[in-house]
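The next block holds one structure in the form of structure tokens; read it before the comments.
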Amino acid sequence: MGASSELSNDKLKWMYTQMSRIREFEERVKRTFVEHPGVIRGHAHLGDGAEASIVGSLATRHENDLVMPSYRCHGYPLVLGTSAKAVMAEIYQRKTGVCKGFGGSMHLADPAHHLPTASGIIGQGIAHAAGAAYAAQVKKTGQVVYSFFGDGSSKQGAFYETLNMAAVWKLPVVFVLENNEYQAYTHIKLEDANAIAGDPLSQKAEAFSIPGVTVDGTDPLKVYDAVNEAAERARSGKGPSLVESKFYRFSPHGNAITVPPVPTQFQEHEAIEVYGNKAEFAAAQANDPIKKFRAHLIGTGVLTEADAKKIDDSVRAEMDEVVKFALESPLPAPEDALNYVYA
Amino acid sequence: MGASSELSNDKLKWMYTQMSRIREFEERVKRTFVEHPGVIRGHAHLGDGAEASIVGSLATRHENDLVMPSYRCHGYPLVLGTSAKAVMAEIYQRKTGVCKGFGGSMHLADPAHHLPTASGIIGQGIAHAAGAAYAAQVKKTGQVVYSFFGDGSSKQGAFYETLNMAAVWKLPVVFVLENNEYQAYTHIKLEDANAIAGDPLSQKAEAFSIPGVTVDGTDPLKVYDAVNEAAERARSGKGPSLVESKFYRFSPHGNAITVPPVPTQFQEHEAIEVYGNKAEFAAAQANDPIKKFRAHLIGTGVLTEADAKKIDDSVRAEMDEVVKFALESPLPAPEDALNYVYA
Amino acid sequence: MAREMMFAEAIAVAITEEMQRDPSVVFYGQNMAMTDRDPFVRKFGKDRVRITPISETAEMGIAIGAAMNGLRPVVELYMAEFMLVAFDEVINEAPRLRYMSGGQVKVPCVFKAGFGFAAGWAGQHSNCTYHAMMGIPGLKVAVPSTSADAMGLMRAAIRDDNPVVYLHHYMLTIDKGPVPEGDHIVPFGVADIKREGTDVTIVATAWMVKKSLAAAEQLAKEGISAEVVDPRTLAPLDVDTIVESVKKTGRLVLVDQAPRHASAAAVIAGEVAEHGFEYLKAPMKMVTGLNTSVPYSEPMESYVLPSEEKIVSAVKSVLARHAAAV
Amino acid sequence: MAREMMFAEAIAVAITEEMQRDPSVVFYGQNMAMTDRDPFVRKFGKDRVRITPISETAEMGIAIGAAMNGLRPVVELYMAEFMLVAFDEVINEAPRLRYMSGGQVKVPCVFKAGFGFAAGWAGQHSNCTYHAMMGIPGLKVAVPSTSADAMGLMRAAIRDDNPVVYLHHYMLTIDKGPVPEGDHIVPFGVADIKREGTDVTIVATAWMVKKSLAAAEQLAKEGISAEVVDPRTLAPLDVDTIVESVKKTGRLVLVDQAPRHASAAAVIAGEVAEHGFEYLKAPMKMVTGLNTSVPYSEPMESYVLPSEEKIVSAVKSVLARHAAAV
């Protein structure tokens, strides 16, 4: 029995709430493209489907532990305590955004809430996470650093170099490989040698002689157990681990890439749009982590149906406010752009 | 029993001769720093100690198979049929050099003898080798490409990215990881997570779900067997393999790095110079691949002591000529430098 | 006779036709050729058209090795900044191997990438990286601004026996323009005068050509005749045509999306300062991106990038300086 | 009072003293700190002084992450070209993260590397890569030419709250020069006039400063007074001091080891063309590496690199042009 069996009911409710918040937040981002065209620019990537993995992972955090996600980064700050308003405002280009409109969807940062930065370049953030862990080690802060990145990103040299160095230096870092079966439009069976051979991606850990496990990323408690073990290992000075968390992303990679002024929106998931594989997509949806966890909590008596509905309603109300706040916030002044080039 | 048991006596003699040629060639390069200071510039890296690994590998080649070594590349062209004179002349900066004086010790190239290029930047040549194999695959030339690189180089992202792609594309390439226990002055136990854990470096193959084997790189017949199996696998369309060949380099990493006009020479091996570990160095020398193979061939009746001596003598005579040729060859004209920038 | 074609389409047609012409041309990259329905896969099969993992070092390194063994790879890199994780392959491998081999090998490959995503892609996806490649001996760099040039330069790039970085500006992707019928090729190292004029020379590349032409149009209404010169390739760079234009107009404005010291403009300015000094009737002026990363939010992004208005006012200022000097 | 110190020693002393001063400074890289006998390890222990694998992406990426969490890493990279395998970290991560975060994080780290190994290291190890970094907003680039500057700029680099690329020229490694006692700091963005003169301004960096000073000496014997200006940092670049010098001398020669379009010289030329045009009495002239990779063999290598003689003759030619124009 894993450590998750000791989670308090409050913590479990908190976990469900956070999962629900991520989902609703991402739904609202997606709807923005329809309801308020032009408000979001560039490329936005959603975390729906990843909720159990994100929340199960972050539920293991100790105070001051750091989190470094990839460019698909909306969910993490919501869980870490960043105001959802500030996150949405950032995505909406507002001066009230968590990065004052400088970063946007791919580059959320909130060091005050333990998320230093997110890099938009594949794999590089993995090294940054290990670096933060190196600082924690030298300064003996006791921090563990959580590094999140996709299955596709695990094919970038930075992943490999970093895991070796983290292993050699025994850095307090947990590498969570979020395997959602796709890198953008590419199915994993087209690009990963382990996947093609039918092996788990966690097998890559063998290249560094560190623990590697694969976990059902649609179950926050299983994720909790695996990540918790890795975090404890890191905290006790034994070094890094690789946790492969398997789930499915429900939205396509990002909004369609169009050239202004052509409007952009989210299309169908690549499974359907590119590969015509409706069955795969339907199976994933039947396995929705939020529905499953809701049913589990009700089944185990942690929540009543009414409790759950109350949470869902309050999350919806929160996100109504969030969108309103973001929409009504001012844009930055043009000259603001001259700030922050140098410290 | 491996395929090496079927090698003809002629082939075995050829193998011994090539090993002996590499050793003698490298000795002469090294002595040049003493006997003819200034004739060799920059940084030269010797292959003494690697003879069994190089020759055991290349003995498995079929006509037209390609070889892409790292910057430590003197040995390979000698075995492939490049004139030793042209190799030495290159190292001596001569117009008669195999690269006309443009490349030098680190960048030997002789495509006519199946060695397209050697890159001086760690790991990058591994990708070039896979690329040549991709061309072989598309053009159905039947070529296998042999990629040689060091233990240290296996920590560069290029290694990892390339092996995954080669596995996914099932490229006809053999990756020979030459584990000589050192990357420059760094002992492998200071930088490789597998080595620190006591695991073989061939375990990195798990990250790509391809075969990975470790072989005694001081025995050309064991190398032959392992590389031959990998080459046959590649040739039959099954894709790449990783062969870790373990041996010891007898010379230090390269000539000491000094700034002109301070003279440069080869110092003591790092085992002694840096780590004060005379025992390690002595043990390696006691395990000299050339002495061992010589004794083996005499023991099995392939060579008499007299035959062996004859080979050794003729190799020495050849290398006398080689040095003479290189010394007497003209330097390039300054303006030659304007050639070959563009094809 | 000319057909109308979108910029991106012109590139695709050039690649397709080159692949038809020469079986050694291959085409691969991330997120392309996913299924058998892909038009390139349908035409050329899965040996010559492939999908790759997110492994730019391997992707470009493999192209280099393949080029040395008889192929002519075109690597689709999508965004020029992704080359940076593997920049050694671009500027320290591809262009140097031939030279270091004493001319024994050649490395014909094309690294194709979009750039300048000035549409809210923010700090890491909106940059112009050509400055880091234009001075590398052995490397060629193409930066087309029209459909015709896009097609003609891609053809030339694929046929070139040297490594070529082919950069197509994102903001031009769906612009339409005439493209000559037949085997239309644009030679490298030949600048094009996109608009003739007599009062001032504007040198610009890619999207900045479009902005400069719009500025020239506006200036024409005020009686100012601007000549717009597009180098089309930054390596080789056609300094002569630029200097000739300056000889005619006596004034120079350089427009570049990149920040000043990371721009092609600065390098071109240096060349004109050396070779066209005596023709200049006033100091030249650069209109470049400001010295910041590119911010996400639209008002800030617009503020830091060159605009029609900034070009117009730069032109007026070099003309005013002239007037004052006379 | 000043002590004599070798260039490399001055750098080592600066790092040592900064590490003594500030416990958040750490120092790591390949092939250093191998044993407990290493002087840095002895002084600062194995947490703060480390050896790394050949993993430049991880090495620099880790520095960036560590910098955001309270350390001030100095990464020893040995040769500037090795940064290219990880160039994204240098120009698309370190300098952009602060900006993209809206000023919330800072990334104080130093990427230290030798460069310009013009001693038979051939095509991939002899290059100057600063042109690719000097225009990147958020990034600073130091290129010292003397022991004093080497020390003072390293101190400034480590104390700077921004990412700094610190490039020390291989050919200067064992040159000796005076270094002021005490906490000697050279601020970034302040050019230094290494020799005063009245007839011509020579702008040069690193090894080229040494060559330019030698050329100036030779010119002095012929009655020509050359001023040698060393920007010392390429980012920020002190354009004012250069323009002031040109104002005084009216003529400009720019010397750079890199090929012309990959040089800092071209960028500086562009700045002077815009901001110092009216002071120029003759066209400026660039003396740069020729447009080739660097060949291995000595006669060819010398041929492609700038030399004292080439500088002298460039100076004479800008003076002659002047004479002709008068």
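Order of writing sets the chain letters: A, B, C and D. Residues in each chain are counted from 1.
Definition applied: a contact is a pair of C-beta atoms (placed from the backbone, for glycine too) under 8 Å apart; a residue touches a chain by one contact, two chains touch by 3 or more.
If you're wondering where the values come from, they're calculated on a predicted model, not measured in any experiment.
J.: Check every other chain and keep only those touching both chain A and chain D; list them.
T.: Both-contact set = B, C.
J.: I need the pair from B-D, A-D or B-C whose contacts repeat those of A-C. Over half of the residue-number contact pairs should coincide.
T.: The A-C interface is reproduced by B-D.
J.: Nearest whole angstrom, what separates the Cα centre of chain B from the Cα centre of chain D?
T.: The separation of the two C-alpha centroids amounts to 36 Å.
J.: Give, as an integer number of Å, the spacing between the C-alpha centres of chain B and chain A.
T.: 45
J.: What whole-Å value do you get for the distance between chain B and chain C if each is reduced to the mean of its CA atoms?
T.: From the centre of chain B to the centre of chain C is 41 Å.
J.: Rounded to the nearest whole Å, what is the centre-to-centre distance of chain C and chain D, using the mean of the C-alpha atoms as each centre?
T.: For chain C versus chain D, the centre distance works out to 29 Å.
J.: Which chain C residues reach two or more other chains?
T.: Where chain C meets two or more other chains at a single residue, that happens at 52-53, 55-57, 81, 84-85, 88, 92-93, 99-100, 122-124, 137-138, 291-293, 295-296.
J.: Which positions in chain B touch two or more other chains at once?
T.: Correct list: 97, 99, 101-103, 107, 119, 121, 123-124, 155-158, 161, 164, 168, 190-192, 341.
J.: Can you tell me which positions in chain C touch chain D when the two form their complex?
T.: 57, 81, 84-88, 91-93, 95-96, 99-100, 122-124, 127, 131-132, 134-138, 235, 237, 254, 258-263, 265-275, 277-278, 280, 282-286, 291-293, 295-296, 325
J.: Provide the residue numbers of chain B that touch chain A in the complex, in ascending order.
T.: Interface residues on the chain B side: 155-161, 163-164, 167-168, 190-194, 196-197, 199, 203-204, 206-210.
J.: State the interface residues of chain A toward chain C in the complex, per the touch definition above.
T.: Against chain C, the touching part of chain A is residues 40-43, 90, 93-95, 97, 99, 101-104, 106-107, 119-124, 152-153, 155-158, 183-187, 190-192, 259-260, 262, 274-275, 331-338, 341.
J.: Where on chain D is chain B touching in the complex?
T.: The touching residues are 30-31, 34-35, 51-57, 81-82, 84-85, 117, 119-125, 170-171, 173-174, 290-293, 295-304.
J.: Going by the contact rule set out above, which residues of chain B touch chain C in the complex?
T.: 66, 68, 97-103, 107, 109-112, 116-117, 119, 121, 123-124, 126-139, 141, 143, 145, 157-158, 161-162, 164-165, 168-169, 339-343
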